[in-house]
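Below you will find the structure I want to go over with you.
Chain nomenclature is as follows: A, B, C and D, assigned in order of appearance, with residue numbering initiated at 1 for each chain independently.
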Amino acid sequence: MEQPSGTVARLLITCPDQPGIISAVSTFLYHHNANITDLDQHSTENRPGTFFLRLEFQTPGLDCSLEALESNFRSRVASKYDMDWTLTFAHEKKRMAVLVSRHDHALMELLWRVQRGDLSAEIPMVISNHDDLRAEVERFGIEFHHVPVDAQNKDAAFERMLELMDGKVDVIVLARYMQILPPAFVSRHPGRIINIHHSFLPAFVGANPYQQAWDRGVKLIGATSHYVTDDLDQGPIIEQNVQRVSHRHSAQELKALGQDVERSVLLRAVRWHLEDRIIIDGNKTVVFVK
Amino acid sequence: MEQPSGTVARLLITCPDQPGIISAVSTFLYHHNANITDLDQHSTENRPGTFFLRLEFQTPGLDCSLEALESNFRSRVASKYDMDWTLTFAHEKKRMAVLVSRHDHALMELLWRVQRGDLSAEIPMVISNHDDLRAEVERFGIEFHHVPVDAQNKDAAFERMLELMDGKVDVIVLARYMQILPPAFVSRHPGRIINIHHSFLPAFVGANPYQQAWDRGVKLIGATSHYVTDDLDQGPIIEQNVQRVSHRHSAQELKALGQDVERSVLLRAVRWHLEDRIIIDGNKTVVFVK
Amino acid sequence: MEQPSGTVARLLITCPDQPGIISAVSTFLYHHNANITDLDQHSTENRPGTFFLRLEFQTPGLDCSLEALESNFRSRVASKYDMDWTLTFAHEKKRMAVLVSRHDHALMELLWRVQRGDLSAEIPMVISNHDDLRAEVERFGIEFHHVPVDAQNKDAAFERMLELMDGKVDVIVLARYMQILPPAFVSRHPGRIINIHHSFLPAFVGANPYQQAWDRGVKLIGATSHYVTDDLDQGPIIEQNVQRVSHRHSAQELKALGQDVERSVLLRAVRWHLEDRIIIDGNKTVVFVK
Amino acid sequence: MEQPSGTVARLLITCPDQPGIISAVSTFLYHHNANITDLDQHSTENRPGTFFLRLEFQTPGLDCSLEALESNFRSRVASKYDMDWTLTFAHEKKRMAVLVSRHDHALMELLWRVQRGDLSAEIPMVISNHDDLRAEVERFGIEFHHVPVDAQNKDAAFERMLELMDGKVDVIVLARYMQILPPAFVSRHPGRIINIHHSFLPAFVGANPYQQAWDRGVKLIGATSHYVTDDLDQGPIIEQNVQRVSHRHSAQELKALGQDVERSVLLRAVRWHLEDRIIIDGNKTVVFVK
């Protein structure tokens, strides 16, 4: 059910599984006159299990302020069930910084989607370790920061990037950013850095995955979007897709075909993050897809 | 969350949308100590909207009999919200009759899946207007009835089939059954007859869709599974899929490729029906896919 | 096998099938020291059949000029086998006019691909019946012509468009151009006008196919790229693809999802045309895909 | 172009690339009155390159015996270009042994396809290290050999299997055969053993790939068919495909979904081998797909 986005709230919940959670949450919202329009639930199989819930509700009829709703939920429901939870409002667009190196395909897709309103976000800045894409970015009216990174200045460079983004971003997207993020950087934005890896993970980790794929003679190439953790290429996978190739394609052509997959896979992952459809569950994701 | 199937109940609900339904249903189940393990919900966009719900719950801890639960739900919840609803138990396998003409591919897939426990159903009988597939069917230990149909005996033939199935079947699958069902037959099993049509509906209705597809030079062929209504090829679509083809394929080859699509599309539709994942909404379906 | 594009020639042949054609063509090229790097062949099943051939060859070692090669081929091979044929050189980029109305998604993809060298074409102009997309187009440094079309001026408008393109374009792409082309326009560019239709033809011809698809409750939506003929939506299909949808998607969401399919399907069709991979065979296409 | 299979011959050629090969081959066939109905060609990019060719031709009009044709081709064409080549006739069905352990899904698909004429092969025997599937196999009228394999008797067991197949099989299909073949076995059937691996190689080599995939939280699972070499899971890949999964699927469900992918991927690989569409190129395959 589509609603005016200004009136949509989203609740994401993770907690130990036990009977009565849905009843407690839905009854709480009903009593505050919040109309649930979408509800998706998942519980893990292990015992004791973990319970995951995403729901969307309408706020116009609320019998209290959003703040009061949040405060009441915390005290009356969340604490009782030991919940990790977030409550967001669709009208508060997330602020998304994009980090990029030289390949523009994934970046352009994001800028273009945001510009035409296809992706509900604000882009306060693009940061790159190269200056090549400045004009492309600035013509969208978006700030571009060139922060070179080399072996000598690596810590300082990432410190500089953290300063640039300080208090200004809710999510960071690596749109083919070819530097490895230091732990100090990652720990400042836990669960909020999305990367696109140019292979079907866990196949072909490391450098030059398209050449590796060509050397191995695979019949499908792929791309993987995942949250960044300190373990390179090992973070929770959000989305993957593949593209059929054949013996006729050179390694260079795999790269070109793969860029289209990267572009669409990253777009889906970013969209789901922006719409609060993803809960991180250890090294996996629960994705409540429409 | 997978559970011993003997303890799983499924509730399908359709009713006019209004606030509080999820709260009412989930609280009812909680109070009877039924643990919800899966919940999926949908509301239509139009106003007043229609509310659809599927939920699975565990029955071992119930504080009453299944019959009492059903009776209580009717009087305390369903009537209040004007619900159309069904409550089923996974351990009660649906009885599925299969109607077929001469093509065996879809039939064999169903028999094979049921035999190996991949599909939770019983097959009390297969009925065909030809005798060709008798041996194939009987070697699975399944009754085979040959009921010829021609212009002269059509009404009598379908009356005979209704008698054969009377009280013995919960769902009828047309696995490439090439006779048009008369209204009197369809009306006896409303929303319980599943057909596989050998084209990507609504393209290529009528006879010989693969030849039509070849003549038109399409680049994808498809198959459609739908519930049967009195409007030929117009019933609610359950599932569709396609297969890429090229100028190199003859009409005959389209037919062979298409049979693989038919087989897998029908299997998915039947599986969803058996798992109570489908609600018919006018001429459409709501399918709560895993 | 990838080659410097400056040295690649492509030969497309259609002729009545008979033994010896491949031998004749390949021997001719060999004797002129042209090295065949790719060859793809197809013959129709009917009798007498039609023979289709696409081959790529290298020109650096040629023992004569390109003009002499062409002239010799005509007199010594093509006339003997009654061939329809075209010989093109990859370094001569095709000039592509794009016609568009208000939707920018397909247009932007084409402009962006040409700009970054992903698509080997020149775009001498974009023509629209609205002025909305002028800025978008002009920032790529491409001429934009606004040619309004209404019931009164239709003939004159299309005449004006023909004049604008006269002698300047090799192929015309309708990137969601929402006016029906008059026969006088189509006949001036036979087999050189590519359209993207926003449905999986032949399903949902006519207006508002996404609404039609939503009304029918299909589980896959699609897009179709085809050459334009005087029969609306009936021209030879070049490429099609689909996207899975569900009961959760509104007609408006089908439209948004469909635009991504339109974009990628049109891109493939245009790419294949530009690379001389398509031969029109009556109301079908032979597409020699890599 | 479909032809009566009794009259179709297929020529597969691998040789060092040089100008004139297609001319030489096609002219040779033309002079013997063999009509080429399908030709597909590929050359590798490296220098000096390798040339691969598959062609189908009609034999009814031949001016000599098949033996003479073969002998003439060897002396007049193949030796000049230093060709590896095979000439096969579609009416000579390949004899295919199937090795299987306990999972029946891939085996049943092959038996069923051969029985109904969908797959052009003879199956002289099925060999298993378990006796479980004997009845399933024998009801197709096919010999079943139970050859147990354990750590003690491994060499003897595979020796026994070689004896059983000696002179009776052209290709060996491992339809989920869970024993590692010893080098002495592999070397007796080079390029003639096809395996289905239950993961998207090179991801998840080794044991229990579905559990590995579940642990890693991938969003697509896959299967890979490849020729067996002495390097476990490293042989030339023939075909791969994937299936979308989500957080809702248990490891056990990944396995069930994966079996459908295994079944269809193996079927395609086997079909292509039987139709002489595959040339092994080092550790890769060239697959001339229809």
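By our rule, contacts are C-beta pairs under 8 Å (C-beta built on N, C-alpha and C of every residue); 3 or more make two chains touch, one makes a residue touch a chain.
Everything numeric here is computed off the predicted structure, so don't read it as measured data.
More C-beta pairs touch across one of A-D and A-C than the other; that pair is A-D.
Farthest chain from subunit C, judged by C-alpha centroids: B.
For this pair, subunit A with subunit C, the centres built from the Cα atoms lie 37 Å apart. Separation between the centroids of subunit A and subunit D, computed from CA atoms only, is 42 Å. Residues of subunit B in contact with at least two other chains: 2, 42, 45, 246, 248, 250. Interface residues of subunit B facing subunit D in the complex, by the touch rule stated above, are 2, 104, 108, 112, 116, 118, 139, 246, 248-250, 252-253, 256, 260, 264, 290. Here subunit A touches subunit D in the complex through residues 42, 45, 200-204, 216-220, 222, 236-242, 246-248, 250, 281, 283-287, 289, going by the rule given at the top.
By the touch criterion stated above, subunit A contacts subunit B in their complex at residues 1-2, 19-20, 22-23, 26-27, 29-30, 33-45, 49, 61.
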